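Order of writing sets the chain letters: A, B, C and D. Residues in each chain are counted from 1.
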Amino acid sequence: MEFLLNEDRLALAETVRDYLAGTHGPDVLRRLDAGDNRDPAIWQGLVNMGLTGLLVPEEFGGLGLGFVDAALIARECGRACLAEPLVDTAFVAVPWLLSQGDTAQMAAIVSGTAKPSVAHRINPWVSDGDGAALDSIDPLRNLTRPVGTSSSDPLLLDLGALMSAAQLVGLAEAMLDQSAAYAKIRTQFGQPIGAFQAVKHQLATAAVAIEFAKPVVWRAAQALSDGLVSAPVHISHAKVAASDAAIQMAETAIQVHGAMGYTYEVDLHFWMKRSWALSGAWGSRAFHLKRIDDAVIGGGLEIGPDQTFA
Amino acid sequence: MEFLLNEDRLALAETVRDYLAGTHGPDVLRRLDAGDNRDPAIWQGLVNMGLTGLLVPEEFGGLGLGFVDAALIARECGRACLAEPLVDTAFVAVPWLLSQGDTAQMAAIVSGTAKPSVAHRINPWVSDGDGAALDSIDPLRNLTRPVGTSSSDPLLLDLGALMSAAQLVGLAEAMLDQSAAYAKIRTQFGQPIGAFQAVKHQLATAAVAIEFAKPVVWRAAQALSDGLVSAPVHISHAKVAASDAAIQMAETAIQVHGAMGYTYEVDLHFWMKRSWALSGAWGSRAFHLKRIDDAVIGGGLEIGPDQTFA
Amino acid sequence: MDLVYTSEQQDFRAEVRAWMDAHVPKEPLDTLECRVGFDEHVVWERTLASGNWGMVTWPEAYGGRGLDLIQWLIFEEEYFRAGGPNRANQNGIFLLGPTIMEFGTPEQKARFLTPMAKGETMWAQAWSEPGAGSDMAAISSKAVRANDSGGDHYVISGQKTWSSRAAFADWGFGIFRTEDGSKRHKGLSFILFDLNSPGITRRPIRQLHGDTGFAELFFDEVRVPVENRIAGEGEGWKVAMATAGFERGLMLRSPGRFQATAKRLVELYREHEAEASPAAREAVMTAWMQAQAYAYNTYAVAAKIMAGGSIGAEASLNKIFWSELDRAMHRTAMQLLGAAAELRRFDDGRMNQWLEGYIFSLSGPIYAGSNEIQRNITAERLLDLPRVGAG
Amino acid sequence: MDLVYTSEQQDFRAEVRAWMDAHVPKEPLDTLECRVGFDEHVVWERTLASGNWGMVTWPEAYGGRGLDLIQWLIFEEEYFRAGGPNRANQNGIFLLGPTIMEFGTPEQKARFLTPMAKGETMWAQAWSEPGAGSDMAAISSKAVRANDSGGDHYVISGQKTWSSRAAFADWGFGIFRTEDGSKRHKGLSFILFDLNSPGITRRPIRQLHGDTGFAELFFDEVRVPVENRIAGEGEGWKVAMATAGFERGLMLRSPGRFQATAKRLVELYREHEAEASPAAREAVMTAWMQAQAYAYNTYAVAAKIMAGGSIGAEASLNKIFWSELDRAMHRTAMQLLGAAAELRRFDDGRMNQWLEGYIFSLSGPIYAGSNEIQRNITAERLLDLPRVGAG
């Protein structure tokens, strides 16, 4: 029993974080938004880091890592507000295809030439699919109603929900950082607004929500890795906790930014929009709460102090 | 159409407020708590003001006033944390007995010698009843399980709920005043704690809840007076709004009072305990919400901008 | 306390309803925040004016109907019942109009109020400056008396921002520093200006959803006649505070708006009832309860004002309540929509008004005095808690 | 990341479970806040000590078991699963014990830790003074070196308040001003004192529910040997901050407590399901979710500490989270109980533990550093926002 993200994992995630911080700042989001939304060079960078093959077994040229690693990288994708379909392809479609015994595209995914994303009955729209475009509030989302593959396999939904939760954690962390940074430089009444308790306490409250969403996500990822029967409940818990934290953080962030937060000029809006999108994707709040309801009130799960990791 | 508490009504309520402020301060609550909980002199004072006969028709020696008047006086009883059974007797039992055509006790009620309080299937315990004593957290409550009269008439429940809501408004207002007063004199870090935004904003938030509970209570009282079919829904709305405001105010009040609020020495606890008691009495939060649910979601009530007074 | 409408009030309601049913556009207009949509809304303002429904509470002398506040509430209820569009001239109707009526000269009233009532001039407000948002007294834009023409003009230089409607409106109003070297609330004057004056540059601010109804205004030696000043020189703060009071007070957000949203939310909930969460169910009931409470409160304030009273710091409680209610209702709708929440336009082509409404609702706790400021006011003026500079 | 217990850990759990099942009192003890209840709890402390379960994380040398933090968590889980009583010596176990281990001399460790572990001495904390609550540095109680005996005694004068357990405990600890004229954090020393020393008067504070476990302490020239001082003279603030860190940090509220409450809340909900509100249903799920999140977080912090890390300002996040969770769970229970919520004892004679728990939960956001202080710490230390005196 060790609830610890080990050094190797954190080192990889940190490499990704540094890479995205250096090459994928808000200026890039603006450039993409003014242009085609996607940039082969960004994608190639992710391929070069091996991220498209993160969950692909070594025999197909991948890194053969696990869901906790993927969740940590997904969090970084959220933090950077990455629009490229890395998470949908490499962390959702790949493990689902593998679970189906479908390894045909693995080499092409690793090399970056195939970018499958699979829709689900509960989540009928995916980014960068092959169907008709949908008009998302998130300008970089490339949301589509795919004409091809769709599934109603619960595992697919669980993968999508888990990786959305991880991204939402990263989105929320980024909005917290942006808001704290803004509160330090914006002055009103002769002092930085971050000196006002009203601002401090709103941000502290959001920070609490984020802090206690994080371990829920890591635990859910490990539960899926461990093949626990209860993994879907923990994934639903992660999705609800991360969505609620991100939505709360977004509302706090725009309040702290004041009217500036309402503009396109300030970076915040990209992160808010992604949060609005992902909090409803891969199962609504109600869908996930229903699974928790069945487990906790319905009695599907053992609960209590001695059942922490049930 | 005039949503206005007229001068006469307010003058009567103000008289009661002044009288209770002068004769029924926290010292009296302590004296009662150390003694027998009830004081014939206090009761006689209420009788002398005509309050026991407030809703009794003039032909029986009462004032023949209405539910809005009674609600305004009940609010003052809450503000003063009055323990004498004025509300249960004069504002709940009296109109219910009258609705049953039972006028036998009216003269005795007006003169203060009869103090009936009637239990209900939903609210099986009443203050100052004739049955076995129950151990309420409210030390002045004299809660009993009556052996005699009980009813399942919805009107009785509505009367109890409405008058509880009115008391809860007064309780909440008193706790707001106590907390603001304490925040002005208690100093920490070299200034009154009321100068800290954290304290200001908590109290302001509670003040909002109280401010918007009040008109709901007056409207419900008027709806009952007007005999609206929808009156029970509005009474449930009043009970939920007033209970939520009082509970929120109590939690805010003890937080503002800090450790002092946790003592018997500070007055606050009497008001908190009454709030805990009345918020569950005459129909739980769930009970009243269910009636609102049936009306609003179930379609039992016309809703929308043109249905404000439906 | 009399909660029954008179037969005159019922007749009036019927009259409004009939007119609205006949005239309110069947299809939603484009957003007010873009040129096309703004123009559509101006057409609607003129339609309203043609029925004399533009400024119902204004005196008849200025193109209104002289309605009392209860009639105004009934009008608003029916307006929102019918799904009437947002008001392009909201700044004129609710902010500038009452200000001119209170502080303007007879000449100013004739000059500005009548065209406003006819829907001929659309007004932008220009309060904020880049360094003066919540701290409204930190104004630095200057209006200096010109030397060249007997002092009958101001020359305005400076910058305003978050000027609502300014991208498309005709005229603007704001406060400017008319006394050189004055500080904070002193030495300010309330001045009206033609947005097409030489020297004014409008830079539309792109909002987060991409539209540009707000603008920055740059003033480069803009000449404005002195007779465009409302009230005395140096009295700008007093006038602005009265105007801000109108904004936060009774008329900024009439209850009908929120009752209509609550009703739509109930309908949305019914569509999604099978899969909705318990919290959503309760949130829907809370929406109805709070919208009703807000309506009762507004009727009570209206009655108080009609009886000779006034609305003071309680306006801050109102602002906090409606803005947080509006956000909560739209947040609940977003949750009910689930995956569809992010769509600007649903599959069937309908606009996702819940998404647009949610985004708009996020501005509620910020504008017209942030809710932090309102909570300060509540604590300091209603609860008498001490003021502290840093607090 | 390895979320599977080892077989040794499973065996340990089984061992704790067997012992607890055999020894935890079947009937709830009376409240710790009254004399009779306190004595019952002391008996329980000695029972625990007899099984060597009193101070499981302490080194064996001081009467503990030297368990690691995972074992501690398992112990706590089983303790709360079995419904173990509150710990009368909580101040000793979690606050003073670790403080003495970190700062005490070998002689002090031998003198104080072993009797504590055996359940022989019960400890009270004495931080607050009437003017020093959240503002802990505003201490004015003095400890002056006595002149009469070679300076080997302090003479303490002053007053402490909100001293938990002080009404019934044997010994107390707190900080006192040892340097005359010193200000704020300087010139303070951390001193242990026998509560039965001449010159100490205990005035029990009647709490709102009528019990009196807290007390005010009046010190009238109380002589205390200098060797009762922990760490150096003038180092009291540093020691106290470390102690407060223990309090807010990992061990004050182990997750098992909240998981047990959440489970009881689920059971209560099931009893009332037919008539419960939607909000209550969601609140019950939230209780489980948050109690679990708190447990995961605690396991993660434990792992971090075991890997050589430490817990810093994150302790403030913990304090905010568990205290507001605890209050929310009990508030929900009160709503579920409806009319019965106000009863101290139900009709069937059972204590209404939800009511007692609700009242206790209201102290959570106040004590051990109010949640306002914790939010300041979070903002200033974790988010690096500026400090302002008045802010």
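Convention: a residue touches a chain if its C-beta (ideal position, glycine included) is under 8 Å from a C-beta of that chain, and two chains touch if they have at least 3 such contacts.
This structure is a prediction, so every number in the text was calculated from the model and none was measured.
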Of A-C and A-D, whichever chain pair has more C-beta contact pairs: A-D
Centroid distance [mean C-alpha coordinates] between subunit D and subunit A, Å: 38
Mean-CA-position distance for subunit B and subunit A (Å): 49
Separation of subunit C from subunit D, taking each centre as the mean of its C-alpha atoms, in whole Å: 52
For subunit B, residues contacting two or more additional chains: 191, 195-199, 201, 289, 293
Multi-chain contact residues (two or more partners), subunit D: 277-279, 281-282, 285, 372, 375, 388-391
Overall pattern in which the protein chains touch one another (line/ring/star/complete/other): complete
List of subunit B residues in touch with subunit A within their complex: 196-198, 201
Subunit D residues within the subunit A interface of the complex: 1-6, 9, 13, 17, 70, 76-78, 80-81, 255-257, 259-260, 262-263, 266, 269-270, 273, 281-282, 284-285, 288-290, 292-297, 299-300, 302-304, 307, 314, 316-317, 320-321, 372, 374-376, 378-380, 382-388, 391
Subunit D - residues contacting subunit B, complex: 128, 131, 133-135, 138, 161-162, 205-210, 272, 275-280, 327, 331, 334-345, 347, 355, 358-359, 362-363, 365-367, 370-372, 375, 389-391
Parts of subunit C lying in touch with subunit D, wherever the complex brings them together: 277-279, 281-282, 285, 388-391
Contact set on subunit B toward subunit C in their complex: 1-6, 9, 68, 176, 180, 183-184, 191-192, 194-197, 199-201, 203-205, 207-208, 211-213, 215-216, 218-219, 222-223, 226, 237, 240-241, 289, 292-293, 296-297, 303-309
